[in-house]
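Chains: A, B, C and D, in written order; residue numbering restarts at 1 for each.
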């Protein structure tokens, strides 16, 4: 039921976007839609956490992990929508963009959110695939939003690489269906059905299928070496879109991978998928931390940090046990913090109108609140105690020390390198003398509130997790 | 969720615990400022305002110590011997090198920062020996060392804050942290000078101030170690005691330098002449701290008993016999008669004798003596501040002696009146620097390596989409081969 | 199935964009035929929709789009490749061999009857991936992706993994949108970079 | 009875110290074929200085003015709290070796500060050199005392001197090593050859004299006296900790008298030794001194190592 409402809300918002001429109307409807979506996803999450996984229609089903991700989408979606109103206003004031593009923006934003909701709630893998593809399509134009050559390039790479990846994923997905087709039942194949018929699945085939799925959706998740589109897209897209991309989309894709992991594990045992996840996770952390060390562009910096965090989660799921629990927590923290970081980065961009780290100096004087947020976000994301991510990283590594000590230690060292590199850049940006051309003072309160709220929530969650969410995480840990 | 249940020995394997030990040592060591993870301390202190540095040095770096004590003595028990010995060695190194670097500094706050490192080292000596004794199952000795460590932690908090505050008020007046531009401040800010003197005496462990007694306890626990232990652990303790002894001497030298250069002699810059005594509010603050460091010294007996109670609160010391007994007159007695000292006695003795000597010599012997105020003997030429010894010059001999560690670099820059005849020089400036071996041998190479790697890694992101897709292709193929 | 394979190789070889699009049209037509074939086997009425959609979109619309583009910017010749022709052929041969090798038996042996066809489809999947890697032109990359999709579809059909009509329509619809978007991007890129050579796009690094 | 002994203990050091200085000078004079002043000359000098007027630098602060009293008082205290001729006094309050060491360094501290106070170049480098040497001497000093302390099983000097550790000969080697070490420290701390030349006022070499250069009258007298006391203190430590025979074990007047007599004899022997040493070796270059002090430290470390 909730999902239907969400769909309706977004469709309405989109339609208004299509047909309305008044900017404020569009904005209002988008915010309303995302608000409804958030509320509904909270309701759904509550339902799931108290009555267990449920499926409203044959097409949709929400399990605990799905519910968590729905919460993330809803919350960040709301924050981002609110933020983007101001953001776009500022951009129009600088007449970087016109009303037409604003319209486009909101239409695509709504579609994007909708697609993600559907992808996470879809009961059929193919349907999920379609939705993921839809996210690609809807974001392609958001990435090329500024219509500059570089953004065009980013969008093109995004489109091509993800399409290739997703086609591989499509292939992988279909390979899973052999089990069902052999048992005769075609028609709408749901995850549950696949899981039920896993016995008919040829183990070797399952392995191949998982590889295709992992590499395919892994492209979307941003595992190295399929991550290459990610920094380009994130650095070129408008900040709110980047926030959604790395805060939400990556997690959605990761969840899909995990769903396949469950099926594969049921077929060939967990070692196989875990080793793959660990390999990709470690590779991602390695590349991310090394590239961050001397990165010149702060939005790319954050993008690489997302890659690193995805790697950490992959490690968590790979290590299993306590690691999974920590990884799910990490997913939540990372999503919120990362989008907060991107939003504040967006504000910094508005102020300095450059994404070069070298160009940004003395942000603390220019944007006191935002740069404080940026700092806090940095400290959280790099897992400085007592932030929640510190705990999750500790748990993941602890889980790792038991099974794969060497890998864990390597990962730890890489995290240290990453911290140092990241710190170097952040300090360079926040402190120091600000150039005269930049005038001090925050842009607007509405650019501050969303990231503040996000950060605040992260901080709260890192010290207190509401029981219903805790149930969800526990349940999810059991299932994945 | 925030509790340490992961580290519970029942759940965690030996390897895991070893890893945790090393990581915790590095992590909290960095926070506490042990060498070679100390580099942030001297960098951070000058940046921070003085009362903040006072807090930082007094309280913040103690958080690291607290966590170490908590984890090593409480959570990670039982611990192997080498843990304790490692900590002792680190402590010894930190103490000795900390004070050596302090000697080379003439930035007053950096100097104090390096002394924090030194004192952390001394504290770690206590902690380490506590750990060693406990794992060699001599709990009462362990308790003694722990008490020493705790006491020194407390004392360091007091006198270091005192020093930072007085240094801060000096900086406020003279508007520079460079000691070479101070001099003769004792005449302009006498109270501050007095407080700084007390702080210096306390930190260089001169009786009857508190620093002495905590260092005394630390020494005692090390001595007991030398007495009771065998083979290599005994040698570790010998080395530790030796380094502690040298540290004491060098700290004394360093604070003679600090006090002498800052407060004594003639002003070295015009700023000094306009210096005013710091505000009465500041004076109250510093005065109370100074009084505390004297009182904690005199009543060290009570303090020891108190701290021992605290130490007993650790689960491993629940029912441990005490080695310290305090008799009448605060007479602290270690290991029934191994050693004993009484703070009030020392204090009273000093006080009375000085007064007595003063009285006798001043008023009994030749009381109608006339005192003429003259100039310092100047060998005929009138003295300029440039003729006084500088902070650098004071430490020069020690730096030269330890040049193998400190790697001093001296470069002369000479300016001549005319390029042709290089006989009459206009000016000659000597720039003296200390090479930081951690940067040159530990941090810079690491940075280089990582830099190279990262530049390599950046080539992955070549910007060519075909390459990107080929990555995917290759990844796919490799993964498939991994299965098939 | 053979047609698909051959058109793919042809796609690799050809230098002319127009011919490439035509080749793609043929390939898609082959797909349609395959679908029809499977329809005669299963006799599912709704398959008509799918087949129709495929026919319209892939065989008619897509080539039309591309030709209009080619006309507009008179891109007669597609951008060059990285490897020269003989090397390309060698690699293609290797890929085909690998796909046909016993290693992929579990994959190609889903329906033993169609093993050869399946392996052929698999090899065409690999080859079209290789096409995307190897070609420098935007158009040929798009074609590569589309033919990848085609060959996957072919594989599915032969492996008897058809989905419910709704989903297939969804997929087709996705592809349709995708083609449109790719098309728009192509024109925009041509506007910005003045060529369809993607190697000119390399100002996003590290 | 005890009171009298305590009083003797208290005044013994300042009473005897000028004599030691005079004696050493006399011996050196004899060795240089000079007549030399009488052994009681230092007493006369002190008396004379105590009755002179003073000149004080205008740059001097209260540190300069009060340092002599503090330094002198410190020597008195230390002199009173170490075993001189009676080990049975057993001073548990201030008789600890670390207390002694660090109390002595109070004296050094103020001496160095006083040297810097008038802002004359000489005083500055004098105190710099002094602090360098005393800092490096600290290790050897503590360790040499620690050796005997560990052998005797206590760090209380009186108990050490009281304990008959020479009963068994296994300790002979460590003690002799430690004594060798302590001898070096003694020369360093009392500003004797080869560390310092007490007779010189040559700015390139003087250490102790450089620091007290600005003093005159009473204060100079106190300074001189204090350094003399320091000499006796170190001799007493050397004599009673490493050769503790003849020291009075029981508070009987005979024992005490014997103790005093033997102690005086010991002092004379040590003075003789020092004088001989000073006459036959030259002063070392300053940067060779650390090696000497390190040698002392290492000797003691070895001594401690081989106790068990």
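Just so it is clear, a contact is a pair of C-beta atoms (placed from the backbone, for glycine too) under 8 Å apart; a residue touches a chain by one contact, two chains touch by 3 or more.
Note that the structure is predicted; figures quoted are calculated from it, not measured.
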Contacts common to chain A and chain D (chain labels): B
Given chain B and chain C, the chains that contact each of them: A
Chain nearest the overall Cα centroid: B
Chain whose Cα centroid lies at the greatest distance from that of chain D: C
Interface with more contacting C-beta pairs, comparing A-B to B-D: B-D
Rounded Å distance between chain C and chain D, as computed from the means of their C-alpha atoms: 99
Separation of chain A from chain B, taking each centre as the mean of its C-alpha atoms, in whole Å: 47
Chain B and chain D: spacing of chain centres that average the CA atoms, whole Å: 30
Mean-CA-position distance for chain C and chain A (Å): 30
Overlap residues in chain C, where contacts from two or more other chains coincide: 129, 132, 141, 198, 201, 203-204, 206
Junction residues of chain A, two or more chains touched: 156-157, 160, 164, 204, 208, 231, 291
Junction residues of chain B, two or more chains touched: 458, 461, 465, 469, 476, 484
Chains that touch, pairwise: A-B, A-C, B-C, B-D
Contact set on chain A toward chain C in their complex: 124, 126-127, 129-130, 133-134, 137, 140-141, 144, 147-150, 152-157, 159-160, 163-164, 167, 170-171, 174-175, 177-178, 181, 186-189, 202, 204-205, 208, 231-232, 235-236, 291, 295-296, 300
List of chain A residues in touch with chain B within their complex: 156-157, 160-161, 164-165, 168, 204, 207-208, 211-212, 214-215, 219, 225-226, 228-229, 231, 272, 276, 286-287, 290-294, 322, 386, 391, 394-395, 398, 401-402, 405, 409, 412, 417, 421, 465
Touching residues on chain B, where the partner in the complex is chain D: 183-184, 186-187, 193, 201, 204-207, 212, 216, 219-220, 223, 226-227, 230, 234-235, 238, 241-242, 245-246, 248-250, 252-253, 255-257, 259-261, 263-266, 329, 331, 333, 337-342, 345-346, 349-350, 353-354, 356-358, 361, 365-366, 369-378, 383, 385, 387-389, 393-398, 400-401
In the complex with chain B, residue positions of chain C that touch it: 82, 103-104, 129-130, 132-136, 141, 198-199, 201-206
Residue ranges of chain B touching chain A (in the complex, touch as defined): 1-2, 6, 13, 15-16, 19, 23, 450-451, 453-458, 460-461, 465, 468-469, 471-472, 474-476, 479-480, 482-484
